[in-house]
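Chains here go by letter, A, B, C and D, matching the order in which they are written, and residues are numbered from 1 within each.
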Amino acid sequence: MTVHTGRHFLQIPGPTNVPDRVLRAMDMPTLDHRGPEFAELGFEVLAAMQRMFRTKQPVIIYPSSGTGAWEAAIVNALAPADKVLMCETGQFAVLWRGIAAKFKLDVDFVPGDWRHGADVDQIESRLAADREHKIKAVMIVHNETSTGCVTPPLEVRKALDRVKHPALLMVDTISGLGSLEYEHDSWGIDVSVAGSQKGLMLPPGLGFNAVSERALAAAKANPGMRSYWDWQEVINFNKAGTFPYTPATNLLMGLKEAVRMLEEEGLENVFARHKRHSAATRSAMKVWGLEPQCQDANAHSPALTGVRMPDGHDADNFRKVVLENYDMSLGTGLNKIKGKVFRIGHIGHFNDLMLMGTLSGVEMGLDLANVPHRGGGVLAAMEVLKSRDVVSMTKAAVA
Amino acid sequence: MTVHTGRHFLQIPGPTNVPDRVLRAMDMPTLDHRGPEFAELGFEVLAAMQRMFRTKQPVIIYPSSGTGAWEAAIVNALAPADKVLMCETGQFAVLWRGIAAKFKLDVDFVPGDWRHGADVDQIESRLAADREHKIKAVMIVHNETSTGCVTPPLEVRKALDRVKHPALLMVDTISGLGSLEYEHDSWGIDVSVAGSQKGLMLPPGLGFNAVSERALAAAKANPGMRSYWDWQEVINFNKAGTFPYTPATNLLMGLKEAVRMLEEEGLENVFARHKRHSAATRSAMKVWGLEPQCQDANAHSPALTGVRMPDGHDADNFRKVVLENYDMSLGTGLNKIKGKVFRIGHIGHFNDLMLMGTLSGVEMGLDLANVPHRGGGVLAAMEVLKSRDVVSMTKAAVA
Amino acid sequence: MTVHTGRHFLQIPGPTNVPDRVLRAMDMPTLDHRGPEFAELGFEVLAAMQRMFRTKQPVIIYPSSGTGAWEAAIVNALAPADKVLMCETGQFAVLWRGIAAKFKLDVDFVPGDWRHGADVDQIESRLAADREHKIKAVMIVHNETSTGCVTPPLEVRKALDRVKHPALLMVDTISGLGSLEYEHDSWGIDVSVAGSQKGLMLPPGLGFNAVSERALAAAKANPGMRSYWDWQEVINFNKAGTFPYTPATNLLMGLKEAVRMLEEEGLENVFARHKRHSAATRSAMKVWGLEPQCQDANAHSPALTGVRMPDGHDADNFRKVVLENYDMSLGTGLNKIKGKVFRIGHIGHFNDLMLMGTLSGVEMGLDLANVPHRGGGVLAAMEVLKSRDVVSMTKAAVA
Amino acid sequence: MTVHTGRHFLQIPGPTNVPDRVLRAMDMPTLDHRGPEFAELGFEVLAAMQRMFRTKQPVIIYPSSGTGAWEAAIVNALAPADKVLMCETGQFAVLWRGIAAKFKLDVDFVPGDWRHGADVDQIESRLAADREHKIKAVMIVHNETSTGCVTPPLEVRKALDRVKHPALLMVDTISGLGSLEYEHDSWGIDVSVAGSQKGLMLPPGLGFNAVSERALAAAKANPGMRSYWDWQEVINFNKAGTFPYTPATNLLMGLKEAVRMLEEEGLENVFARHKRHSAATRSAMKVWGLEPQCQDANAHSPALTGVRMPDGHDADNFRKVVLENYDMSLGTGLNKIKGKVFRIGHIGHFNDLMLMGTLSGVEMGLDLANVPHRGGGVLAAMEVLKSRDVVSMTKAAVA
């Protein structure tokens, strides 16, 4: 077996590379979750997460995966037989729908081709048709991690408003938060769902819900059984900076440091950086002659790029070649695009030269795996990265 | 404000002191949860937890608190209206019952005085009276962290067997696992519940269920709604060393190291050590003239000691004095014994001199807080610790 | 072999327990020692060390042991055949003298019994007798780590001044700096020698010289061969925040954090804490019926206590018993007091409960090793630690 | 100021990137340097360093910089007025000569143009001319870190043997050890000098001497003053696994792990990797149209590449552009090539994608700094890295 040296390139679209400062902040003695020192930490991370979600409403932090935070959104705000509108943007939409089905929601699943964001026109027309307001929630995935397509939550909010539909707007921004703009309050989101291991630059283990007053009211009126995920109980404890159970203290210690780092950089700079890296990646892809999984030029994710393999070539074989030869993990194609797509994560704690290492690994891997392509993608990427004019570059790259 | 120096004494009965080796094992880059390296880790920690629970049955590892693992036990194996038998051994029994109630179980709650383990005779007689086998589960707390009383699960199993009752036996061993003997298989436990932040010497953030074939069969037959906690789905993924969601990778990296440390020491030595420290603590308490919360000499917990305050003295004021003057966190009295009891944790990554620092802090704190007591408890504790004959010492101390 | 659990008690008088914050500050990527980020660090640690030595004069930081810093003092300021006055306060004075001899200094070694600080009267009379000022330097050990006796440098300065002797005053404060008062400038010290692994709470690897203008002038006039230790070359580079070689970057990163911690606590509090712990230790020792190695009540070191064994009992056997049974490292007796003395370090990152663990380990070890003693030393120590009135306690304890 | 994200690219030719495993091994509690646990560590690292130097002779480990290890070589084996032969291969040869001068050696300094290794013919003819064997040592730099030229020590040994000259052969392999082949014993080296912060992948702070029997004999006969650097004293202590002073314990803990990693990879693989990265770097440089500082195709260093700037362009301005825009540290030109040369380190804990990030940063930086060059160097580098046939690639690249 080859012993790899140097740093592994973890270029899946999450978990992302965790900064040393965050790992070191977690590598400290655990503390009394009922003592004064913890309460201070509790208040700090709750406030930090409000700033990240851009909300003055409560944020609930769970020791859980992102799937737990999905479930939390459902069991608090919705009850069996409730009708909800979801859109098949990709695998994560499919998975969330699966959870909805397990909790016996009546899902109207707008079909999709996994190559676009949600069809907002379809959403609007179905809402308009729902005169009796049976639809209790519209549930969308902000940044579809399986495809690299973005659905703008604000557009969905506008659609709801245009047809004056009272459904709750629930948004999975698990791989969106911290990598692209997100505005829980001003976009009128009712439930935002996030996780620690993406743009927040933490190891996995924390799930988040940000909840509007309307969502809280819906929960209060909801007789469904719940305990661990119950928003209100957590919110009650949070008033004292504590939790109804022993929280994942060390991950919270890391969370405090991670948000500090994002704010040191400035969220607008964080978002611009992700856009630049996405543009550079697409420039390389174009030269290689490979096709993006996302077919909508306006919907490319700043966080990751899904790349289609030429027919007859297996994406997972390619990924294996890259892993073995260049010690880089790329994201696999999920579910119905398995083998057809690989994904390049450019999200989280990242910079230009890490991206160039990443794209070089892809270009060399295409060659080693005998995937037909044109060389020189890395040169195109460098053209983007040499420019400091992010906006124009971004436009050029997606043209 | 006083700036404390040296190491904080975290002597609550969990979270416990995390070994440097474990913290350092977690302080490593996150990895691809779908890659070959992770699968290896996945298999290792699953096998390690089987050894800890002493089972060949599946162990499910959740990114969750211990309360999550309680809920998991309930939503998998039981359905609304199911009758269950629980025993009021203390606050954690009360909390688990609260969750049972939220999931609409019909709880027969055997009353208790919070100063003994569960009343096994009562359990047996109630089971015997249940001719129609309406009781679907007996749910007990192995090591009641709020009081320091142990209930022996094997005795409950024997009671079930004597009356030939088919109810499932569910045991919360959250603060028991890794600190006192536990035998999931040979004691005939159906569902064992544990957490990471006690005897397993990890930060909080992982919950565990060990499940028997009968429990799995009950789950399979159970139509209740569940997703995150669903045993079967996790078990299916675990066959490949993976999880149905992004697992808490870095906590799992720590878990591997923590179990390695426990096994290097030898589980029997780990258990003997906890007993020794418990005996030493009780010797000190006896000299101080303070009363143990646990009134059954055969039920004293090896993991913690609940200590009653003399009337008219507030345990939390005492704890505050200790925290401010000696930088030691002691466990608070919970619920109905708030202010009346404090708890000394001697669980996890611990040794004789750490215990002596702990007991010295208690003895000095009693003095500073003007709590009537006799000095010299620490001398009595040293008598126990000087002896290498654990068994006789343990006996002597509890006499 | 016994596997120890919990934290090792490292109670030798250096290396001392390194705080987690300091270890974590060192556990970060190395940086370019010629880049702007390093220069910032360089300036910070140089300024920090000036504050620690209480000097506005240059401080030189060597990648070296303390013995290296001894040698640096000699080869810069003194030349072969130079006469120097030293005092046999213990093993470290003997070792420094050995280095002086290797560099062919003519050492007048005032004899001592290893149970007192330097005899200032003797120093004064020998200086007074040196009419021709042949003595170029008086070299004393501030805190004799082998015995636990302090020599006050200010008294030596006063003696020099009284007889108007121009000799340089060189002080080894390796185990003094950061644990007891030290004033390089206002005490008129010419060369101060220190190391990282004692009161500065760092791992070993850095040596320090603080140098007066007179010392620098002596060095300038000194034709002796030197390179690595040459003050002036380092000082020249330090003006730009850099070093004439690749410095021990990560230890410097730790140094910055360590001084920050000491200053957060406040140096006066740091010194008072060490005095308190020393007083408590002596109180215990008195009860045990053991004798301090230091026979001068005014000279007891705040940093460590040397304890004499009763005749016929071997200190190293006792230390072995303590190490094996209680996982505590105590300091050995050095050179001519080997086997007769053990040393308890209460220096560095330390607190009351760590001290009580330490003293308990000593008391239990005395028993296990069959060393005649009275029990209850720990109770006497607690009497000291319960008091917040440090000064009176210190007085009481040494009475 | 720009806040950088992601990992800094530390591509100076030392200090090099320290592996997480090594940093974590150092991030552990310090231990008693006189206790049994330390002795075990002492023996392990001494044996490990013998394997690294490929010697059965003693290796001395100093808490020092590499310059300290240079000085150690001189003060042990040579005395003032001793004649030595050195070669002006670059700045580090100049610096070592400076130390030799400070210790009053009579240096015959063979001139060089800083663009080749040492002139072995010159060495041989000067040795041949030294009929009276006044030359006591030939002192060469194995891998000249300031230029990227290698001098093969074995060729120098052969020259010595051909003329039957008894001079000691001293080799500075500070940036060679662990990055290219080195054979202390079989190449007949008398004193090898190394440091921790290069191929050994540690932070700076340790210096090394490996010494032959002849060197030890020379030291024994050498009346020169020395203490800290004295080989024999260290060797005497090392017999018990200890040191004559408090060693830099935590760096030694890291050293043990670093050598373990190098041996897991296999030293021959380590060397081949460095050669591959060097070949890839030169391929890129050739396309850029830039000239290597090293003009001898057989002498290119596997550890670093010195690159000459086109006339009229300042290397340090270029380095500044790269640091500010791409967060990468490149090595500066030293002394007389300041501003004319920059250096790319590809030494230590490194891999293909880190190299591609590095070379991309250089290529983009050349553009941003308006340095005339051809683009596409990175493509040429990828051609090398795609090949698994190291030897042929290396040949191709240097052609």
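The criterion applied here is as follows: contacts are C-beta pairs under 8 Å (C-beta built on N, C-alpha and C of every residue); 3 or more make two chains touch, one makes a residue touch a chain.
As the structure is a prediction and not an experimental result, all values here were calculated from the model.
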| item | value |
| --- | --- |
| Farthest-lying chain, centroid of Cα atoms versus that of chain D | B |
| Higher-contact pair (C-beta pairs counted), C-D versus B-D | C-D |
| Averaged-CA centre spacing for the pair chain D and chain C, given as whole angstrom | 35 |
| Whole-Å gap between the CA centroids of chain B and chain C | 45 |
| Centre distance in Å when chain B and chain D are each reduced to the mean of their C-alpha atoms | 54 |
| Residues of chain D whose C-beta touches two or more other chains | 7, 17, 24, 27-29 |
| Chain C residues within the chain B interface of the complex | 3-7, 9, 17, 19, 27, 261, 264-266, 269-270, 273, 325-328, 349-358, 360-361, 363-364, 367-368, 375-376, 378-379, 382, 385-386 |
| Touching residues (chain side chain B, partner chain A) in the complex | 7-8, 10, 12, 14-18, 23-24, 26-36, 63-68, 71, 80, 98-99, 102-104, 195, 197, 203-205, 225-228, 230, 244-251, 323, 329, 332 |
| List of chain C residues in touch with chain A within their complex | 20, 24, 27-29 |
